[in-house]
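Order as written gives the chain letters A, B and C; numbering starts at 1 within each chain.
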Amino acid sequence: MLSLFVLSLTLSVPLILAALGGLTSERSGVINIGLEGKMLVAACITGLVGMASGNAFVGFLCGSGAAVAMSLLHYLVTQAFRVDHIISGMGLNALAVGLTSVLHKRLTNPDFTDRIPGFPVQVYWVIAGAAVVGIAWYLNRTKGGLRLSAVGNDPDKARQMGVQPTLVRFYALVATGLFCGLAGSLIVTNAGSFTENMTAGKGYIALAALILGGWRPLPALLACILFGFFEALQIQLQGQAILGVDLPSWVWQSLPYFVTIVALAGFLGKNQAPAGLGRP
Amino acid sequence: MKKTPIWGMWLFTVGAFAFVVAILVLVKAVPLETFSGMVTGALGTPGGWRGTLREMTPLLILGAAVFLALKAGLFNIGADGQYTVGALAGVATALAVPGPLGMVLALGAGCLAGALWALPAGLIKAYKGGHEVITTIMMNNIARFLTVALVAGPLRNPAQESATTKILAKESQLPILIQDGPFRLNIALFLGLGIVIGVGIWLRTTVSGYELMATGANKRAAEASGVSVAQTLVKAMTASGLLAGLAGAVHVLAYENRFYADFSPGFGFDALGVALLAASNPFLLIPAALLFGAISQGTSAISILGVPKGLSGVLLGLTILVFAVFRYRKETPHA
Amino acid sequence: MSQETPAVQMTDIVQKFGSFTALDHVSLAVQKGGIHALVGENGAGKTTLMKVLYGALKQTSGHVELSGRPIQFRNQAEAIQNGIGMVSQHYAIIPELTCLQNLMLGAEPGWAIPVKKAEERAYDLASKMGFSFDWNSPAAGLSPAGAQKLEILKLLWRKASIMILDEPTAMLSPSDSDALYDSLKSLAEGGATIIVVTHRLPEVMESCQNVTVLRGGKLIDSRPVSDVTTAELANLIVGRSLEIPTKEGFLGSNPWLQVKGLTVKGDRGNEAVRNASFTLCKGEVVGIAGVDGNGQRELFQALSGNRKPQGGQIVLAGKDVTKEGQAQRIQAGVRQIPEDRHAEGVIEEWSLAENASLGLQRHPTLRKGSFIDRKARLDFASKIAERFRTKHSGFQKPMKSLSGGNQQRFVAARALAIDPKLVLAFQPTRGLDIDGTQQVYNALRATARSGGAALVVSFDLDELLEHCDRVMVICHGVLSEVPENQTRDRAAIGRLMVGAEL
């Protein structure tokens, strides 16, 4: 039972970090289906640089830098060129899948058989926990947090009150990049080596958790842990009956997505999306 | 707000191109050789053409599916999942009912599965305001898990190592029209072309097509013109799913002839790129699908040169971004 | 009158937009510590003048002084730093944020917000004004009056000493309006300078010290309220009674549109139209006079089937259509010339030909079964372009290639083209010259006479009096008929429009 608990937490930490990345972006009004791509790039670069340098910190720094760069590309396209947020997110994800595949295939050192150097996973746990509390505080208790919510809900009115929406979104997307960087480097550290498309939809699950949590940090955290728990159950039980119900594993795997759809359909209370999502 | 300067867009385009070249240099490929290799590999030989047209076929139908939804103002990111369930439904039906009748039923089953997979997204969008992009992404993942489970379980061919279905009998497959050495042309391509042209004509000549496009162009004006916007959204999403499901069924009946785990290589996402490139003209789906098919086939061809196939992802992603910068900017809100 | 330096002194302000002169050498002096009313009809230049004052517009010429100090603000932020703030008609309140967050936004007390201290200050400000707020509840729950109060507190939070309120009572009920003015009076007594832009004369007479009248971008008069009567003020606002051509009055006898007890809710949940009952006879063109925002929009939406009424009945040509949707009403012959043609009247990216059938796409003459009859549509497009001489460069060109006036000609012609039984025209001559206006009304009249009726909303009373068979007045959602003996009495109708007693 304890191992199930630990496994749930282990599986949920990357989700929490990615969900926080989604939170800063979406609370500023930028729809972010590009989380997946940003995490993937971070995982790949962390792996490649970590391998080449043998230094966990350098690897992490470069991986996060790459995720921030992706996020800034997102900023450029959505804010300077005012491209539709969904199209740009799709483009980023396609780019990330292709780019990491090319880099991984050609630049991976075949003689390197060790695990990629990384921080102990506990470091990420602490960061994730602290970040959730920190962001919850930031949103409610600081000038920056207030302005972030204002821009995310109504950029025009925020502008009337003397807030610059593009500046707020710039910082928000840098934060998104950093969180995706953390998530990506954790994923590759956990696995020990990079494999193609290794984020395997975690970015979308994180997005689902964010929606389920009503775009608020603490509920999003709980949703991530719940999703982590579903996954852990599925791994540990492998088709055994739970409470006398024998659910096939695909149902367990799909549960996070299914719950999110039910939430979107309005069966779990009012839709609390930031009102300014996707607005220029 | 200021208008985006046009030179900025060109600078972005040049930057994107420079990025591709830089990546090629980084992975020690010669850019010029890579590009010419891609063109020859995709369009220079009969075998290349065969591959390009094969890749193009699902993109045509899926492109039409995404285009149709886009014209109603909906992003059907779920085309990939609808395609996957359509393919599986097609295989399962064709395996159960042999012969040409089974083939026809399989196409119908693909349509039905795709339509049902899209329906929740349409309903939630129209009546609850839940964003179709999120619901369809979720449906994509459920589709993946469901189909993997089915092909690993009840539909699995026990004679095979990996999770895959039995191969369809010859009579159940869509026929090959032309076979000439390495060149081969399946009837599916013409089916795809027919669907694109059909969707294009329907949108442009019928009253219901007109109302669908009015909904996508300006919801308030459509409502004021007596169009039921909610119903139109549901119908458009369902029709889009129907076509995507059909694309899956056609693909298995014509080319793959079986279903296996993680069936879609991301056709549904490429199709979004195809539809975006076609912009406002449905008939431009044909060259756009050809381009994406050629990129896909071309990158396969140059993998011999040591350039990984992932290059196609880089090219597709950047093509979408560059094109979006020119074409899909949001209007500045009226003061 | 006291001779102290005015708090606000605007001198010879000229504001031009292209060739159009919105303000023509207007001067304004506002004394400290009082409520100054700025009155005039729509388009008189009131809001423009205020925008110049707080820096949202840069005047073409003229200058502004605050307490004798010349100033030129580049934006609103600068204005507020100098103690001038404006509450516009469209509140800058974000409903998802709490009241306290809205209060602070843009003027937060420090990087990390000292919540306790901020709350205390908010309570203080509110209690000084006699307001009470649940500061930590979302602003979405605020009533229109509550939102208005919050906007005023936002200015106080920023320590504004000069406050401009644009139509502060437009959304408020009479009792809320009274309460608002009570608090404004106490603010003024405390030394604040308040400028109120308004249409409503009773509140001017009751609560303001001075009044300035603008008309057509020109300063008409400025004097203490004690020196003027409501009737005089109404005459100053609408100008000397013009010679109204005595038209041959059209007397309909055959009831065509009958509306009984219609009540319609607005977007904010207020009763935008209250218990409206009226009848249009066959052949009539009837105008609805009134100041913008008094329920005209909601009335039209209810008549076109775009907004469900709370109660009442709509009967068109003897048939109860209250329950019918938009499509069925279009089929029954209801046509619209919408107010906001960008949003509702046209699809700007589409061609003229495609726009020609918008709203009429299911009419039998424009289709063959399920298919669009392209030839008929093209003929139709050329017919309606011809009618009011829309200038265009081809029917395949996008609608956005047309100027606003030409788009309006096109939209008006489309509404009048096929089987119109009831035409709902909202400001149908917006952007048209005299010639175009004449043509549109002639066409409206011809359409009505040939077996229908037309209802026209305009904010220009002269236009309605000149062109309509009769005029009704809407004020605060209440629709009233003009008494028999005053149907052509411009001043009397003007008084009804601003809620004054006859």
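Here is the rule we use: a contact is a pair of C-beta atoms (placed from the backbone, for glycine too) under 8 Å apart; a residue touches a chain by one contact, two chains touch by 3 or more.
None of the values given here were measured: they were computed from a predicted structure.
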Pair of chains ranked first by number of touching C-beta pairs: A-B
Chain whose Cα centroid lies at the greatest distance from that of chain A: C
Inter-centroid spacing, chain C versus chain A (mean Cα positions, whole Å): 46
Chain A and chain B, separation of their C-alpha mean positions in angstrom: 26
Chain B residues touching chain A - in the complex, by the definition given at the top: 1, 4, 8-9, 12, 23, 26-28, 75, 77, 120, 123-124, 128-131, 133-135, 137-139, 141-142, 145-146, 148-149, 153, 266, 269, 272-273, 276, 306-318, 320-321, 324-325, 328-330, 332-333
Contact set on chain A toward chain B in their complex: 31, 33, 73, 76-77, 80-84, 86-88, 90-107, 156, 196, 201, 204-205, 207-208, 211, 248-250, 253-254, 257-258, 260-261, 264-266, 271, 273, 279-280
In the complex with chain C, residue positions of chain A that touch it: 141-144, 146-147, 149-150, 153-154, 157-158, 160-163, 274-275
Residue numbers on chain C that touch chain B, as the complex places them: 304, 306, 325-331, 336, 338, 342-347, 349-350, 354, 357-359, 361-362, 367, 370-372, 374
Interfacial residue positions of chain B with respect to chain C in the complex: 205-208, 210-211, 214, 217-218, 220-221, 223-228, 334
